[in-house]
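Both complexes below contain chain A, partnered by chain B and then by chain C.
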Partner chain A sequence: MALAYADRSFRWVTLSPAALFLVVLGVLPVLNLVAMSFFTIVWKNAAADWQPVGLANYAAIPGDPLFSAGLRNTVVFAVASVAIQMVLAFFLALWCSQVRTGRTLYRTVLILPLLVPGIVVGAIWKLFLNPEFGFLGQMLGVVGLDPIDWLGEAQTALLAVIMVDVWHWTPFCFLLLLAGIEGLPRDVYEAASIDGARPWQEMLWITLPMMLPTILVTAVFRFVVAFKVFDEVYLLTGGGPGTATQVISFTIYQRFFTEDRAGFGSAISVSVIFLVCLMLVAALAVRARLQERPA
Partner chain B sequence: MQNYSIGRRSATAGLAMTALTAATRPGFAQAKLPTLSIVINNSPWFDGFKSVVDRYEKETGNKVELDVNPFGGSLEKQRSSVRSAKGQYDILIMNSSWFTEMYFGGFCEAITDVDPGFKLDPGIYTCDDTCFFDPASKTMTAQGKLFSMPINPNIPLLYYRGDLYKQRGLTVPKTFDQLLANAKALHKPPQIYGIAQRGARGVAAVSYDFYPYLFGFGGGLFRDQKAGDYTVLLGNDKGHAAMEYYMRLFREAGHPKAAAFDQAEVLQAVATGKAAHAIAVIAAWPQVDDPSKSAVVDKMELAPPPSLPGLPTSPALGHWLAGISKNVPDDHKRAAVAFFRWFQTADAQIFYTRAGGVPVHKAALEHPMGQERKFRWMKPMAEALPYAINPFRFPESPEVVAILELGINRVVAGETTAAVGIDTMTDQIVKLMTEKGYRTGRG
Partner chain C sequence: MRRAHAIPVHIALILSAFIVLVPFIWVIGAGFRSQISLLMGEIWFSPTLASFNDVLFSRASDFVLNFQNSLIVGLASTALCLAIATTAAWSLGRLHWPRSVVVLFLGWSLLFHMLPPVMLAGAWYSMVRAVHLENTHAAIILAHTTLNLPMALWLMGVFVREVPQELLDAANIDGASPWMTLWKIARPIFAPGLAATGIMIFIFSWNEFAVALVLAVKQTATVPVGIAKYAQGYEIQYTQMAASAALSIIPAVILLVLGQRAIVSGLTSGALK
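Now for the complex of A and B:
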């Protein structure tokens, strides 16, 4: 009994520095952000003057044209890019799991885009999509078509950013899904094969159901990251033309940093954190339901 | 080998002369100064400033460290430095879009508070008196204290293809109608576009491109900022006419991708011979005449931006001022003043000009080198500069600029019409100024 107590105490003592570290680094900044969202911060005589405004910053959010445009585009961006990435990555992973020769080479090649820094991704694609000097424009010219200004037209700009995101992040989904597929029990497939199952039936009735938790986790993870997209938009379009590619992170950046509206920027940030948490809770609930299902 | 012997009297006299010479060279013979730290943006005129700093170090033996950043990055670093207990930078190179924030926030020390004996050279262009500030009345007039040293009086000028003008027998446009006619005459897409406009949304992109049109039509943003009257004039007839014209120019002779064109794209279009005209900042000029960067070397000419008949050219200041951080040690502040004292001399300014900078001293702008082909920008610059307008004199200006950037970009991108766009922006600015407690309304 005394030993168990000592053991528990030891655990607490050894754990508390890490827990404290986590609180200081993780929770306090968020609390500070929440506190800031109830103030307007003005600089006078080289000192910050925090003026309480209650919920005014939150009340102003729905009327902010950059917030509404940003939220709409972010949802479209996140849903479209993650959906395309998941489908592409799933089939790539399925195909790659069958290949036996040159595994290292193809895996390396497929994950290369993931290793490219965001700033380089921006430079590569801005040049590639340039209607006058870009490779794509030149190729269209060769076949007699007019070059398209992918990033400069309101109708195509968001699509182009989604395309770049798919190129950049599909390898991430591919890696997770490949690990999932390679971890599936082979005996189930052998049994199905003995029963005369065709490949598409194996995929539909064995691979997909067994992969569902992995697919869900990957999709949720990617969706959360996609919801926070910033660098690709900042580098490729700056949110324009108009508000065609305005995303929520870019709105926060503009309000918080460019315009130096720390209070209002904090209110938008807190709202976005709340939204992302809601999505995570919903996803975890769905996952729990799936895991409870009888095999 | 001849031996020279120096007597005690000669040595003493020599030392005395040296000391006297050093003491009479203003500011160059102070006690050893600490290394001066300057935060600056990497704009096209940076090379000129770097050369002048190198020369300062060589002439005085003082040391300078430059922290060079992109435009927005420089602002972020300045904010971070001035808001901390101990500043990282002694001199802040502040753009016209954010110097008010530094003045009003109490982040800059008046130059004359650091050194009451400092006098601004009468030849220095004061950039619409924005280098002065009175912290009590929050106004920028010559009666205020000297709060910064002008570094670059950047304004936009009309760039036009002189070679094509000669071929077609066109005359340099002084009015907007003439500009439209000339731009249409040279508009042969996709080989060449009549004009490249900076229609993209940025920190200060499309709004800055629009100001010469707005002011050139006799319009304005506010009625009289110096007198504290912030009645918004953007939505009046002149504002509407300016926006209609801006869009007409875009539709009839503009580059079709203007909504995504920021300064880099405009300059690219000019340098590759794709644009017959552009209204662009003078600071970008060195690129246009640089054979390693331009296909139109010696083909571009410059003129003051056009205006309505009877009205003067009205470029907007996009200038740069150097302020001294309040939160740095006193000896660093003195080092900053020593640099300013040297920088404002006619000699330094002429050197600065030759090195690719845009001078702030009359002696440099009116120097005979302006007759040289390489410096053909100086005459139109000197003509336009006295009419340059500083668009903002209050610290919340970034919020107004954000409204303008989004609103004008939406018009250029076709998301809304010119009339609706102007009215929406006007309403938003009135709302904002009301919330901030300014005397405002629609004018």
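Now for the complex of A and C:
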């Protein structure tokens, strides 16, 4: 059948620019990382000197303290911050869907942090949490307590970074869950109220189960971004104190750029790509399971 | 939906809004302080414009240049990304590619979207050096276009699906060329989606830091790169940092006021459809 709008050459013309970008600036850099991961690369007279080292870069990964700390902290950070955000966002969305007056105003204020650059969020909280003059320090001072250096103590630094991320990204979960709640069918609630269901019963047995697909999708979206976290950590703690807030993106940055160990940094990157592939497969498997269920 | 307990719900929401706003207000306030007043931890202070003045007009400050750079990079990469993502989404969604092509294309862009961008920055740096673009905006524009392409493809994929098939069939019978079908017939229908996607990827470009940090030189540094500099000198300039942070919130507030519907539609349709 001759469909003019789906003309063969037109099909190629429309797809190839994006394909060009995804191959030249997407696939090639990844292949470049794979290639570099088998070499030690040193700069001599402004030219890269590649010395083959076989699998030595990969063999060094398990013993790299920045890698293991980075991976552990990234997982703790991503799981904890997404979990907290989902709970907070669920209640915020529920409350927001229940008010008649001022809903748009609440939504406007509550999503504001989402639009602010991560580095600015880092700058705001670095000042806000400063033990000498920050707001929280001042408040503790007013009630006669010593200020706490949230970002400078190994015990609290990761927690502080997680709380900053919660402040930054709960708005995203809130917005998606609010859209989900607003799209739920009304008649179920009418039936429930005729049957005399209490508000908490409605929430637990109607809203929560019907929202489950939206909650899962939102959590996955958030987890993907949380796994890539870099900006806030760069400004708030620089991975410190020690390796308390070292995250995997920051490990790659330090090994690759700060220390100029491109070969080793590439091997770490390739390992992370492999982990991301595993997560992707797991996520697709979960999605396939969900879609099997009758909606 | 039940609307009982209106007052406790309002109190909870006002409290949450307060938690969101306090850090903003405090930092804006810190921008109006003198360095001494801030470091002394005075609760009451007499406001001064010195830090804003420094950030905006001092010769040592690059803030205005950074702002221009962010605007150039954001607008150019958004335009480029929208153009190639819209045609590609149209192609993949409506032009009867074999399923394997669609799966391969979207699968790769999904995986690519999950990778920490910082790992790609090294290769991009070598590439832009090889073609002598390292001191230009083009380096960051191309990188941001690539980084935002998966999200744009995803969103536009949702929006081009909303164009009714009958319309395309009618255009086909009337002998419209493929470009005309896309541009004159389909585009008006997915135009709101185009706006939503455009605002989203502009914000992502405006906010992006890690790749810009690697690719930018002094002349092309964007706002996030510039702000990070304030926090890293030997002597941190706290009030300038606060003032520049306060100034860089302005675009977000403007977008929130003017484009909230597009932002909400961009965020929710990407995830929920």
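FYI, the second predicted complex is superposed on the first by the 273 of 295 C-alpha atoms of A that agree within 3 Å, B and C clash if a C-alpha of one lies under 4 Å from a C-alpha of the other, contacts with A are read in each partner's own complex, and residues count from 1 in each chain.
Just so we're on the same page, a contact is a pair of C-beta atoms (placed from the backbone, for glycine too) under 8 Å apart; a residue touches a chain by one contact, two chains touch by 3 or more.
Remember, it's a predicted structure, so these values are computed and weren't measured experimentally.
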Chain B versus chain C, judged by how many residues of chain A each one touches: C
Partner chain in contact with A:F257 - chain B first, chain C second, else both or neither: both
Which of chain B and chain C A:T237 touches, first, second, both or neither: first
Touched partner set for A:S68, first chain B, second chain C, both or neither: neither
First (chain B), second (chain C), both or neither touched by A:A46: first
Touched partner set for A:T156, first chain B, second chain C, both or neither: neither
Partner chain in contact with A:P131 - chain B first, chain C second, else both or neither: first
Chain B and chain C contact sites that coincide on chain A, given as residue numbers: 132, 257
Footprint of chain A on chain B - complex, ascending: 72, 76, 79, 82-83, 101, 104-107, 199-203, 256-257, 259-262, 274, 326-327, 398-399, 402, 406, 409-410, 412-415
Of chain A, residues touching chain B in the complex: 43-48, 65-66, 131-132, 149, 151-152, 154, 157, 237-244, 254, 257-261
Residue ranges of chain A touching chain C (in the complex, touch as defined): 3-7, 10-11, 13-15, 17-19, 21-22, 25-30, 32-33, 91-92, 95-100, 102, 106-113, 115-120, 122-128, 130, 132-133, 135, 137-138, 141, 167, 171-172, 175-176, 179-180, 183, 186, 189, 193, 199, 202, 214, 217-218, 221, 224, 227-228, 230-231, 234-235, 248-249, 252-253, 256-257, 262, 265-266, 269, 272-273, 276-277, 279-280
Touch list for chain C against partner chain A, complex: 1-6, 9-10, 12-13, 16-17, 19-24, 26-27, 30, 38-41, 43, 83-85, 87-88, 90-92, 94-97, 105, 108-124, 126-127, 142-143, 145-146, 149, 153, 168, 171-172, 175-179, 181-182, 203, 206-207, 209-210, 214, 223-224, 227-228, 230-231, 238, 241-242, 244-245, 248-249, 252-253, 255-257, 260, 263-264, 267-268, 271-272
